[in-house]
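Step one of this worksheet: look at the structure below.
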Amino acid sequence: MIQVTVWNEYRHEKTDEAVRKVYPEGIHQQIAAFLKEDNFTVRTATLDEPEHGLTKEVLSDTDVLIWWGHVAHQEVSDEIVERVHQRVLEGMGLVVLHSGHMSKIFMKLMGTSCDLKWREASENCRIWSVNPSHQIVEGIGEYIELEKEEMYGEHFDIPAPDELIFISWYPGGEVFRSGCTYRRGNGKIFYFQPGHETYPSYYNKDVQKVIKNSIRWCCPTRNVYPKYGHHEPLEKLGGIEA
Amino acid sequence: MIQVTVWNEYRHEKTDEAVRKVYPEGIHQQIAAFLKEDNFTVRTATLDEPEHGLTKEVLSDTDVLIWWGHVAHQEVSDEIVERVHQRVLEGMGLVVLHSGHMSKIFMKLMGTSCDLKWREASENCRIWSVNPSHQIVEGIGEYIELEKEEMYGEHFDIPAPDELIFISWYPGGEVFRSGCTYRRGNGKIFYFQPGHETYPSYYNKDVQKVIKNSIRWCCPTRNVYPKYGHHEPLEKLGGIEA
Amino acid sequence: MIQVTVWNEYRHEKTDEAVRKVYPEGIHQQIAAFLKEDNFTVRTATLDEPEHGLTKEVLSDTDVLIWWGHVAHQEVSDEIVERVHQRVLEGMGLVVLHSGHMSKIFMKLMGTSCDLKWREASENCRIWSVNPSHQIVEGIGEYIELEKEEMYGEHFDIPAPDELIFISWYPGGEVFRSGCTYRRGNGKIFYFQPGHETYPSYYNKDVQKVIKNSIRWCCPTRNVYPKYGHHEPLEKLGGIEA
Amino acid sequence: MIQVTVWNEYRHEKTDEAVRKVYPEGIHQQIAAFLKEDNFTVRTATLDEPEHGLTKEVLSDTDVLIWWGHVAHQEVSDEIVERVHQRVLEGMGLVVLHSGHMSKIFMKLMGTSCDLKWREASENCRIWSVNPSHQIVEGIGEYIELEKEEMYGEHFDIPAPDELIFISWYPGGEVFRSGCTYRRGNGKIFYFQPGHETYPSYYNKDVQKVIKNSIRWCCPTRNVYPKYGHHEPLEKLGGIEA
């Protein structure tokens, strides 16, 4: 059973009626709810819990961490970011959703500004799969249609993804690399664009399927963690047995 | 259950005593034998069978095709190559082993000469994993040691792999990109260097593990095959409803 | 001085009044005209010339070949395709334009079907740069606007590009990876989408700039061509001097 | 004229006789010396200068920054690292040499530990080109031989390079991805392994050629810096003119 921790900033839902209407229990609870339909073991964690709910115990018991944040990126403590970063390098999977693109953890893993163009205009959005053989698009058609989503547009200041999975189309004339995989250390990372807090994207069956597929994709395998540092030769050097 | 077809040229084994000593039933039978230890459904096919054993029925019933060839690449009929190529684009996985790098099917999928440096000198070889989070190296240590393997050296004239998995070291002073993944159409391809016909590489447990992992990696998922050709607009064009 | 050969099928222009109106001398002459404004040495070649204008002499004297074809891909002889392919592997640059995506030479270099969705509907098109540091987008703004261009839509059945340069947006709701670089052998390849025969895309200053930049990018450098085949060890093997 | 700033930690040379013998004026001066043979404008900067010699003026006047550091990575101030990072995202090229792999600036740009295996044993080293068409290997043969170099071995904990240029071979049995390109923001980065402080690698003509080529490769072009933030639609939304 894959151990998933769904992390949510959980601020909009407390202060904004429009958000509460869509996600009365918080975005994390809605994500947890659809994950529980499959055989994932799910727990949640939020910013205002001690250690943001991401204690060493929780993280060492997490196979895949899901991250949603927006207005309070700066309130996430550097110590916890460091801890999550270390766990990703050790092998924990990370799924970064929507406005998580400017979270400290994603920026630290990418090394770039992760900035982009954006607009809230209740536009529709079409998320095209450009990687038809990828496990992450299994069971999805050629594209996902969302009636309303925030526009995120290029240039998206990220490293070229290891694998580009989705490109989004917006009626205002923009495109966006909306599904991207990365490997960092022993860990796998998936960025996925949908999920503005006032639109019901996490109720969409295709969005749910992508998130579930991506958890299976970035779940750690029983791989050996490399050894670093001083290293004795494996072969004879200069005629002297190694 | 994943349906695997192991294709072998099966010529060296019939004419060369040194090869028969290592693979008395043929390379394909040794590969089939270790695959059967896991839950794969395995069948074999060889060059001298009608249609090289790769009838439309066999191929349409194959999830992953394994390819070993060497001296008789030119005897593989273009029609069968075309058929295998089509199946890969449709989603069939393909694992190309050792001297299969210059098979018609691999060259057709790569678009390059696939040429390299080589030497048979009973050298040892060390196959380093450079992609520690990848499913293909699950259960493997930091490297695989083979007491004897043919040297394959750079430059290897392939497209930059989508993912580089292994780099090999040879005592004569050469290196080689010995494990490479590619996506082509809906299909996934893995090239893996070990397997010279006079050395017992396919008895090596780590080599076996890599081949098994790679079959699971390139096995088709239930993905939608894209539609190509004329396409009606999904949005209103110029004020006229689409 | 970079030696450029502009190859054009040159059929539409002879039979279709709408095309002749846009390109009275042929697409190749318009491309040659704007290239001559810069310091390129330009020659043209067309399908109906002997050897399609691509003799060994012409090709060995060409640094970068530009390719435009559409209705007559099948009339290009396999021998000439083989010759061009060999020259690309040796180092000649290749810029494939618009409907050249299904030319024999591009398909041979890619190894996939190169198929896509398409529609002629006099739509506008916006070509977004997603690789702001790349030499190919030098002097271009964030996007190129074309008043009219044929829609080419995903899925585009190509290998993942080595570098993705442009993504196009179409009003009908589609996106397209419209600028892609590849390295094959010693050669560099750039695919660029604009250029439907009835629209004046090759009169657009930004399109011209991209083609000029891409010629400079894929022009061969004085690189050593690797040696392939049997290779003596560079180090002592088993105690015996190499 | 390309403006190059060569940054060196410049500590080993002051305290270690063996290093001073090889680089009496410091590693930076030897690098500056061979760069001046070509038409680069070269300046140097070192750790112990005010602001490490990397004032805003110096950086804004630098096209390409070369970085050599080792024992004093932690003494580089976070503020200067931030400043260099910002300049790279804006477009400044960065060439990171040898032990610079664990400099703050490289780690920040990579997002990983950048750790590796190492050994000082006066071994020889062979640096194989695996990207024969790349501008960075222009004028280099198939490999570079160094009589003595520190061993750096896999796993090297870096993101998969955008382009892999070199793989090194060491007699002790290791391999290493020793030449790697990355794009981050508007900037280009090249990592190159040779340059242990007690070996004369920066006197080697091929090493010098690679560094010169890489400066030309990562030199900024006159590209437009993308705009980020709120963005008005470029097309009519919902029937209302944009």
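Letters are used for the chains, namely A, B, C and D, taken in the order the chains are written, and counting of residues starts over at 1 for each.
FYI, contacts are C-beta pairs under 8 Å (C-beta built on N, C-alpha and C of every residue); 3 or more make two chains touch, one makes a residue touch a chain.
This is a predicted model, so every value here is computed, not measured.
In the CA-based superposition of chain A onto chain B, the rotation angle is 180 degrees, rounded to steps of 5.
Taken over every residue number at the interface, the positions common to chain A and chain D amount to over half, indicating a same-residue contact.
Distance between chain A and chain D, defined via averaged C-alpha coordinates, is recorded as 30 Å.
Chain B and chain D, compared by their mean Cα positions, are separated by 36 Å.
For chain D, residues touching at least two other chains, in rising order: 126, 129, 131-132, 142, 154-155, 160, 162-163, 171, 173-174, 183, 185, 226-227, 234-235.
Contact topology of the protein chains: fully connected, every pair of chains touching.
By the touch criterion given at the top, residues 91, 126, 129, 131-135, 137-142, 162-163, 171, 183, 185-188, 220-227, 234-235 of chain D touch chain C in their complex. If you check the complex, the residues on chain D that touch chain B are 126, 128-132, 142, 154-156, 160, 163-164, 167-169, 173-175, 177. Note for the complex: chain D touches chain A at residues 89, 108-113, 115-119, 121, 123, 151, 153-155, 157, 159-160, 162, 171-174, 182-185, 226-235, 237-238, 242.
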